[in-house]
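Here chain A shows up in two complexes: once beside chain B, once beside chain C.
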Partner chain A sequence: MNPSIVLQVAGSVFRESVRDRVLYNLVAFAVLLIAVSFLLGQLTAGQDVKIIKDLGLAAIGTFGLLIAVFIGVGLVWKEVEKRSIYSLLSKPVRRHEFILGKFCGLGLTLVVNVAVMSVAFYLVLGWLAWRETPEVRASWAAPATDPAMLKAVLLITVELLLVTAIALFFSTFSSPFLSVLMTVALWVIGSLSTDLRDLGTVVDAPVAAGLARGLYYILPNFSAFDVKAEVVHGVPVGAGYVALTTVYGAVYLAFVLAAAVAVFARRDFK
Partner chain B sequence: MPAAIRIDGLTKHYTVGFWKPRPYLALDGLTLEVEQGEVFGFLGPNGAGKTTTLKLLMQLIFPTAGRAEILGRPVGDVDVRRRIGYLPEHPYFYDYLTAEELLQYFAGLFGHAPAERRARASRLLDEVGIGAERRLQLRKFSKGMLQRVGIAQALVNDPDVVFFDEPMSGLDPIGRRDIRQLILRLRDRGCTVFFSSHVLSDAEALCSRVAILSGGRLAAEGQLSELLAFSVRGWELVVSDLRDEALEHARRVGVIAGVTPLGQGRFALDLPRDSSPERVLADLTAHGAQLVSLNPLRETLEEYFVRQVAEHPATRGLDQ
Partner chain C sequence: MGRTTALLIVCLAVAATGLQAGLDRVGRPGLPDGVTGNILYLRSPGVATRAALSYRSLAADVYWIRTLQHYGRTKLSDEARKPYDLLQPLLDLTTSLDPRFNVAYRFGAIFLAEDPPAGAGRPDQAIALLEKGLVAQPGKWEFAQDIGFVHYWWRHDFDSAARWFQRAADMPDAPNWLAPLAAVTLAQGGSRESARLLWQQVVAEADADWLVSQGEFRLRQLDALDQIAALETLTREYEARRGDPPASWEALVQSGALRGMPLDPDGFPYRLNPYWGTVSLDERSTLNPLPTDAGTRP
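On to the complex of A and B.
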């Protein structure tokens, strides 16, 4: 593998997505949503900062997810469909370098977007805290610009990178429409995965329960990345948990990318 | 010195039909060798398998059987890709890059430093005649402009072998002439040019050798001069001082398909391939006619092409 090639492919993905208006729309929406959450916070009695934190983190996750899924499923498919890949792969670019470059490019786009949204989020919170009296501030479970929220943001980022890899994997062999369906389905099931594990305690069907347990271990456990509730309510999240979950995400991601590379390496471009 | 391109029994089947899948022979056992420094024309009617061959050489698709080498290395070898260039059929690139950025990006993939990337991009865009439009995003490019960018990107690494899939497609007359000259410049530089085309006049003007593909199979291959030299279509005999009796007499000796007066007392006689021009000529001169010229009428590449294609009907399904 030639890292310079991967970086250059990633750079072109980043440049293309930065120029794509879809991305600006998503960022604008996120900022708008943060603003709305701020207004909502104004309306509720007691000026509870929790609502704003909750909505803001949810917005970062949701818009990140939209970027990951909707750009991710088109990345490889579009190159094959429009045949721009023909000239690229006739250069000294190996197929796995192409896939890794695409992943890194979109990953970079996502990280930058999450960073922009987080900065906007902290600015809103900071401004809010600045307007309040010290007494009100003292009544909050956690300070408005609580650094612990960065743990939630980090795990959201890892989750988004994993979703990107999954979207990319599907896009190496199927159309964007199907890829969106499959990625979203996987994300929904993965987010409910603790329910899958505990299905046996709810229904009396051993086969179904066993199947659900199997799925729980195979499918990515997206609910593990969700620490919003803890962070918002000032419940401490251990550094060990964050580290372990990050490693889990990274390992899973590596498997998904390896699968994407394996599928892509032998396919014909029509 | 290894051959520029060596293709050995290259075969590609596609499976067609959803309910009753059956193989379809896009390319059937192609064997071909191109020496370094040649300009090689890869000809054939629509659907003959030209693009399929080029995609196999670029390893964009994988062969069902057979193998191919470029510069003595198997296709797909990254070191080989450093030394080749490829213009795909109907080239298409990234919507949001400008022509300049695209070429700089591609130059970077060969490890060139940024200053060198810029220099190459601007030199090549000059060479293919893209002017101030080079700062436009490629989605705003016309078909012919994209074709020119496609040719420029194929040359970004000063390749030793270039593969052009229909280089003239979509170009205006000036563009065609420019690209013809470009191909000749590449040849003079020692670069091997392998191009597919159905524009036979281009092949006639440029190629040292051609192959004609028909229905996925090789129908003919060789030096253009040889292929056409052996296929004399007839003779054109020009004489002066031709009297009517002499013509009448000569008609009894050999077949004369037509007589065209050329002015100044000259006549062109059209003799078919299997007539005997020597006997007709001897007879005419015995009756007072003077020989001006006797020329073989060679088949044009177009006629040769049509004949080859007709003689090699496509039988492409394995179930036939």
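On to the complex of A and C.
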């Protein structure tokens, strides 16, 4: 594998996403957060900081998810549809380099998105903290600009990269519409994976419960990446948990990318 | 875009705004008597937590805002019977979606326990909500204290109140004042002194303006009860000296017992019953209605 080719493909994906005004969502995020922080004070009985934290972290995840799914599913399909895949693969670009480059490019777009959104998020929270009295600040479960929230941001980023890999995998053999459906379905199931694990406690069907438990181990466990509520309430999230979940995400991501490369390698473009 | 199109867009926007204003003027058709229009489509906490996926905390915030709106709107409504029928299910959903939403338990318990028309008048539901909070966070002494508070203030069950205050006092990180509060409640439950102690602690520990103002309101009510008791002592002494209760406050002022017209803590003049010598709040007073049992004993 030639890393410089992967980087060239990645750079081209990143430039294309900038050209396609993908980063405009950052403006939407900032406007949403600032507008809500102005409006919430009167509506929430002193819970504005908690709600801004919930909303900010959820928005970082949601904006990223939309980018990962809707751009991810078009990464390969667009090249095939425009027939530019022929000229690309006729150059010294191997198929796995093409797939990895596409993934890295969109991954970079997502990381930049998440980073800028996180800065805006902390700025709004810092402003909320600044305008409050020390007594009010002391009553919060966690400081407004609690650095522990970065753990949630990190796990959101890993989750988004995994979703990107899944979208890219489906994009190697399916239409964008079906790829969106399957990626979203997998994300929803993965977010409910603990229910799969615990199915045996609510149904009296050992086979179904065993099947559900098997799926729990096979399908990506997206609920593991969700520590938003914990960091918002100031509940400690251990570094060990964050590290293990990140490694889990990285291994699963590598598995999905390997599958995407394998499928794409066998695909006939004639 | 041609000028005609631009003009058309402006005209349509103005027309839509005008029609909206017209709709407001006409008003919506009212619902028949006894029909509240309060509908909560999703009531199952289990379904809500699954449907919210990884947005449970945010969904809890939405339900919390709905709870506040439902409580505020109902409290301010003109209806004689205030239908707080969605309060308990909304709080149940909020706390199921985010089991650490402490304010939802603590404020929610007050909304539920308050006597109508200020609340749902359901201290049983308030206690159930706080017990749910204790299951989610067993070390949260504030919830045990609040359960004791509901028993004290709204159920007037001082033995249970003292038991819960003691239970709160035994929890880790509980403040020092809880154990004496439990003892005072057990010894003098229902006295104004123990009620004052309780509300002073609520004000001191409150982490929201709303709770502070609620506590200060209750403390002013207790001050009013103290003042009413003192004024009635004066009227009894007057009657003992003159044979009849004072006909007006002026009579007490002229006798030297008072320096002027007595005003309640919110600035409204007290009312004197000239036949019985009893004293009450003016009907316009913002301190109405005074507590009926807990805190009425001197």
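As a working rule, the second predicted complex is superposed on the first by the 252 of 270 C-alpha atoms of A that agree within 3 Å, B and C clash if a C-alpha of one lies under 4 Å from a C-alpha of the other, contacts with A are read in each partner's own complex, and residues count from 1 in each chain.
Operating definition for what follows: contacts are C-beta pairs under 8 Å (C-beta built on N, C-alpha and C of every residue); 3 or more make two chains touch, one makes a residue touch a chain.
Given the structure is predicted, the values throughout are model-derived calculations rather than measurements.
Peer 1: Do chain B and chain C fit side by side on chain A in the superposed arrangement, or is it a clash?
Peer 2: Because the two structures are overlaid on the shared chain, the partners are seen to fit without clashing.
Peer 1: Rounded to a multiple of 10, tell me what angle the C-alpha centres of chain B and chain C make at the one for chain A, in degrees.
Peer 2: 150
Peer 1: Touch check for A:191: first (chain B), second (chain C), both, or neither?
Peer 2: Touch partner of A:191: chain C, not chain B.
Peer 1: Please work out whether A:20 is in contact with chain B alone, chain C alone, both, or neither, and reply first, second, both or neither.
Peer 2: A:20 sits against chain B, while chain C stays out of touch.
Peer 1: Once the structures are superposed on A, label A:50 by its partner contacts, choosing first (chain B), second (chain C), both or neither.
Peer 2: second
Peer 1: Looking at the overlay, what does A:146 touch: chain B (first), chain C (second), both, or neither?
Peer 2: neither
Peer 1: With both complexes overlaid on chain A, does A:92 touch chain B (first), chain C (second), both or neither?
Peer 2: first
Peer 1: What's the minimum Cα gap, in whole angstrom, linking chain B and chain C in the superposed view?
Peer 2: Minimum C-alpha separation, chain B to chain C, in the superposed model is 21 Å.
Peer 1: Which chain B residues qualify as touching chain A in the complex?
Peer 2: Chain B residues touching chain A: 55, 58-62, 78-79, 81-82, 84-88, 90-97, 101, 105-106, 108-111, 150, 153-154, 157.
Peer 1: Where on chain A is chain B touching in the complex?
Peer 2: Those residues of chain A that touch chain B are 4-5, 8, 12, 15-16, 19-20, 82-94, 266, 268-269.
Peer 1: Which of the residues in chain C come into contact with chain A in the complex?
Peer 2: 50, 53-58, 60-61, 64-65, 68-69, 98, 100, 102-103, 107, 207-210
Peer 1: What does chain A use to touch chain C in their complex?
Peer 2: The contact residues of chain A facing chain C are 43-47, 50-51, 54-55, 58, 61, 136, 139, 141, 188, 191-192, 195, 222-223, 225-226, 228-229, 232-233, 235.
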